[in-house]
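Below: one structure in structure tokens.
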Amino acid sequence: MFKLLFVFAVLILSSNASVQDFCVADLKGPESPAGYSCKSVTKVTVNDLVFSGLSAAGNTSNIIKASVSPAFAAQFPGLNGLGLSAARLDLAPGGVVPFHTHPGASEVLLVVQGSITAAFVSSANTVYLKTIKKGELMVFPQGLLHFQVNAVGFNSVAYVFFSSSNPGLQITDFALFANDLSTKLVEATTFLDEAQIKKLKGVLGGTG
Amino acid sequence: MFKLLFVFAVLILSSNASVQDFCVADLKGPESPAGYSCKSVTKVTVNDLVFSGLSAAGNTSNIIKASVSPAFAAQFPGLNGLGLSAARLDLAPGGVVPFHTHPGASEVLLVVQGSITAAFVSSANTVYLKTIKKGELMVFPQGLLHFQVNAVGFNSVAYVFFSSSNPGLQITDFALFANDLSTKLVEATTFLDEAQIKKLKGVLGGTG
Amino acid sequence: MFKLLFVFAVLILSSNASVQDFCVADLKGPESPAGYSCKSVTKVTVNDLVFSGLSAAGNTSNIIKASVSPAFAAQFPGLNGLGLSAARLDLAPGGVVPFHTHPGASEVLLVVQGSITAAFVSSANTVYLKTIKKGELMVFPQGLLHFQVNAVGFNSVAYVFFSSSNPGLQITDFALFANDLSTKLVEATTFLDEAQIKKLKGVLGGTG
Amino acid sequence: MFKLLFVFAVLILSSNASVQDFCVADLKGPESPAGYSCKSVTKVTVNDLVFSGLSAAGNTSNIIKASVSPAFAAQFPGLNGLGLSAARLDLAPGGVVPFHTHPGASEVLLVVQGSITAAFVSSANTVYLKTIKKGELMVFPQGLLHFQVNAVGFNSVAYVFFSSSNPGLQITDFALFANDLSTKLVEATTFLDEAQIKKLKGVLGGTG
Amino acid sequence: MFKLLFVFAVLILSSNASVQDFCVADLKGPESPAGYSCKSVTKVTVNDLVFSGLSAAGNTSNIIKASVSPAFAAQFPGLNGLGLSAARLDLAPGGVVPFHTHPGASEVLLVVQGSITAAFVSSANTVYLKTIKKGELMVFPQGLLHFQVNAVGFNSVAYVFFSSSNPGLQITDFALFANDLSTKLVEATTFLDEAQIKKLKGVLGGTG
Amino acid sequence: MFKLLFVFAVLILSSNASVQDFCVADLKGPESPAGYSCKSVTKVTVNDLVFSGLSAAGNTSNIIKASVSPAFAAQFPGLNGLGLSAARLDLAPGGVVPFHTHPGASEVLLVVQGSITAAFVSSANTVYLKTIKKGELMVFPQGLLHFQVNAVGFNSVAYVFFSSSNPGLQITDFALFANDLSTKLVEATTFLDEAQIKKLKGVLGGTG
């Protein structure tokens, strides 16, 4: 029996050198198109593979009465390169996650409290709209515009999961109004009225 | 303004023909290495993109005091080809999801009720073990052995999400003991004692 | 020498059966998440691999003074599965391709006549804006909002190329206003004023 | 214990429906860019996952004194979609596998009898040349020109493995001389002399 | 309204840390199989996403009366990891881009001036040949031999686009004759006559 | 002719900068989810692309009467990022490679001496079992449990090839018994008897 131990130890040690079961992000190392660099396996502990940042409710004391808390690879380094990430949505009564896209991933939403009216719009401009109840799932295909709105008079909570560890997030209103793109260009490329654009630039901190 | 409508309608109609934002599984069509065939977009409704099958608790009145309810592409056709799927775990007090792997996907676990002690074992045989509380996440890298055990004296519930719409599921005990692989070969390839093998083959319905 | 001929003929014939150098789309066959079914190689001619549909200028006699002509796999079946597609942009003086995304691909733009002011907005809401002259290239990373505007007083023409044979196209205005999503939900999820929404719904044929 | 059996049976049956551990090629079904359609799992036997076609030596009684026997998905359907395939090389004394590429895969060569002088040429035109002995491996990166020549005075045998189930095979001489491409165009695009082209067209069955 | 600003700012800042919408190549950083390292987003400007190097005609005062100007990730770092790249072809009267392959990408050609006779050869040695006019597209599937020849008596210009940011380029004549591979081995592996090989080695700077 | 040389030299030099035909692993550089960093091309020699480590028989003087010698990217750096790797199996009479999985790759086995009885178990718990003779191939789909046993009274030798340069290796017995996972948890998650677990922990060096 001793020999078994010995021989396998040799095997394990040699294969050990090539182990890359996972690649916990080293946020300070060089990034590649495939994601963050890997933290040395010898320094990885189970705490790199567990994330507590979505346990607590987000702060919904704001005008959208909602919050979005990401657990992407930047927040939860254990996800790096594994093709998965998550976020938590808290929606107070009247809460809204406005129209947005994830440029790099599809999404599945799970309601864990309350009910949420959600929709996405396809390339053919068809609206897929439904009120999702606790324990139900809804899928949002990659890159398509979608939103979530609280459907009940108390707090709703959902977790969403993505098919990438860096799904990205582009909130349409922020992309259009929260930067220095000139009002004239926004007008030309959205058909919105000048007054409307200036109003939202004001609210969201845009200039130009 | 009428012209805008007209021109864009032409654009939309032509691009319409090429739309494949998603590929809801047609479970009766031919399968390819990329997944199921796509249901015609004209027949897709929002109900294809929503899944209610994980709303209700699974039946845990069994010896493992647990149940696993999958929402893979075969159960939730809207996920087909989108690189995502899910499952619900119900664990009664003492409940266990025994050692298993998903050959085709990484997994993220979200505890939504109670607490769950979970672990995976790396290629280097290191155990990454932690008790995951409500709202916490744990990641299980692709293909590695892992398990989940209820950590509290009441029902725990978790949802798990996968980086593939067909992650697969191989429960080690079933792979070893619930088929007609001869006791002699199981003994030779697992180092387990003959009596142990025969006992588990008896429990799990294996022969040989 | 005869033998060489013979032996290689055998090799070629047998390898012939497995040839899948390309997969010209059979638009009537079943689709999979990987794209269209393949037309039989024996029926493929060079004309399946060549596309003339972008030779002629598109019609810009419309309110945006622009046209977009796609050469995706649905229009140019020879591209199916090869990770590439194209489109032609014609922009009359004052012409605009409004804000839009391609959910499934990155894009490179090549100006072949005139000059075009183009921009995309990143996830961090930074605007990358530049006027692109004849012979210059600009890249638009996957899924991000972008637009193109004619920068000169005569017709500009550009060709764009995508990293997928089915890149998709979602024009923000159409997604928001050209369907039956209720004005109330659009208002809640975009922060736009009701009057603005109703005006654009009217222009673009939306209801609700 | 009976309950365990029952509960797991339910789980297994339901997950059974979604099983796609592999996709044995149904050579008569529709093809997709991802490969052949899948044979029904209920009809698959172990014989679909085993291939005996490379057991016997190929016929080297020909002018190149060599033979190449493929085990791609078309010959070995069990490989379909698994990212792997193989071929057997038999090289009599003086035997040569002429310059060729595999457009869709990298290759590893294993010599199992004799010795083989092999080389590939990089994009920078550097030659990587070595005589590979029994039990040694050499890698040929995707798409690059390479060849194999018997290095000993008796039969050499090698097996090669590819990173795709449909790697493709393009033998340069055949691509240039074994079809109806006009001598004039071959001359213009290869810098070869007309007489040389006509000679090889004659040998390899080309016309024009 | 101030609160909206505040809450979203928090969201944006936190998601900001994980933004990897694109990965402009840092040509001095470590390379990975996925491409070059990423330049810090804070240092990226629109000029990294725009490329002017293909605006001017290449020099065709040479024996092939043609030039090929690449815009791969090494020349146009903004393309890194986005699955796209480009090149410009200038063909004077009689100009030729000789037989070559791109080991890592499929290609689409767009003629913007003149006409070009182009062809590729499939694994089955079938020639797909056509004269492509201004505004037409032709696709060349990954890794297959192809060429382009000017079809008119004046300068023709084309742009080609690739399905990878590092498509590679292997010109058959250079791979065979522009290095130190011995004449004997070239003869054995191409069936070309010794004199022909020595002649082309002389022209292209090869030795051996 | 001199001009040809000159112009192409320019082309080659410029394209040279972007060459990444392969990415020989620099085992000391940062790792990414796509694999090891690339060694500088200027330092690569053919010896990086050739591997002799599998030429000699492994040591089978141990209790399993077998050895497994890996040629993954960590041992054979030339494979890095090319989607291929290999291993050599030596099985003395009575030799066994016990149940194991490769979390990140499918596998093809080639018997080069003797005969080997091999099997894998699918997600549906079906056993695919066959005795493979010299020159035959068997495929093991990604992530599924499988084993190999010598089927003859003399040494058998096989080479296996993987669809990844880092396939991983998880031997079930080692994952269960060769670490510090408590006997109680192993018992709960495998249904094995306590005595059996303690016995194997003793043999394999586990604790707890």
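Each chain carries a letter (A, B, C, D, E and F) given by its place in the written order, and its residues are counted from 1.
By our rule, contacts are C-beta pairs under 8 Å (C-beta built on N, C-alpha and C of every residue); 3 or more make two chains touch, one makes a residue touch a chain.
Everything numeric here is computed off the predicted structure, so don't read it as measured data.
Chain pair with the larger contact count among C-E and E-F is C-E, by C-beta pairs in contact.
The equivalent interface to A-B, defined as the listed pair sharing over half of its contact pairs by residue number with it, is C-E out of B-D, C-D or C-E.
Averaged C-alpha coordinates give centres for subunit B and subunit F that are 26 Å from one another.
Taking the mean of the C-alpha atoms as each chain's centre, subunit A and subunit E sit 35 Å apart.
With each centre defined as the average position of its C-alpha atoms, the distance from subunit D to subunit F rounds to 21 Å. Residue positions of subunit D touching 2 or more other chains, listed in rising order: 12, 15, 19, 21, 30, 32-35, 82, 103-104, 122-123, 125, 129, 141-142, 144, 168-169, 174, 178, 203.
Per the contact rule defined earlier, chains pair up in contact as A-B, A-C, A-E, A-F, B-C, B-D, B-F, C-D, C-E, D-E, D-F, E-F. Per the touch definition, subunit D reaches subunit F in the complex via residues 12, 15-16, 19, 21-22, 41, 45-47, 49-52, 54-56, 71, 76, 78-79, 82-84, 86, 88, 105-108, 110, 112, 120, 122-125, 128-130, 132-139, 141-142, 144, 159, 161-163. Subunit F makes touch with subunit A in their complex at residues 30-35, 59, 61-64, 67-68, 70, 72-75, 103-104, 166, 168-169, 171, 174, 178, 203-205. Partner subunit E is touched in their complex by these residues of subunit F: 1, 3-9, 11-12, 14-15, 17-21, 23, 26, 29-30, 32-38, 80-82.
Those residues of subunit D whose C-beta lies close enough to touch subunit E in the complex are 96-99, 101-104, 117, 119, 121-123, 125-127, 129, 141-145, 147, 149, 168-170, 172-176, 178-181, 185, 188-193, 196, 199-200, 203.
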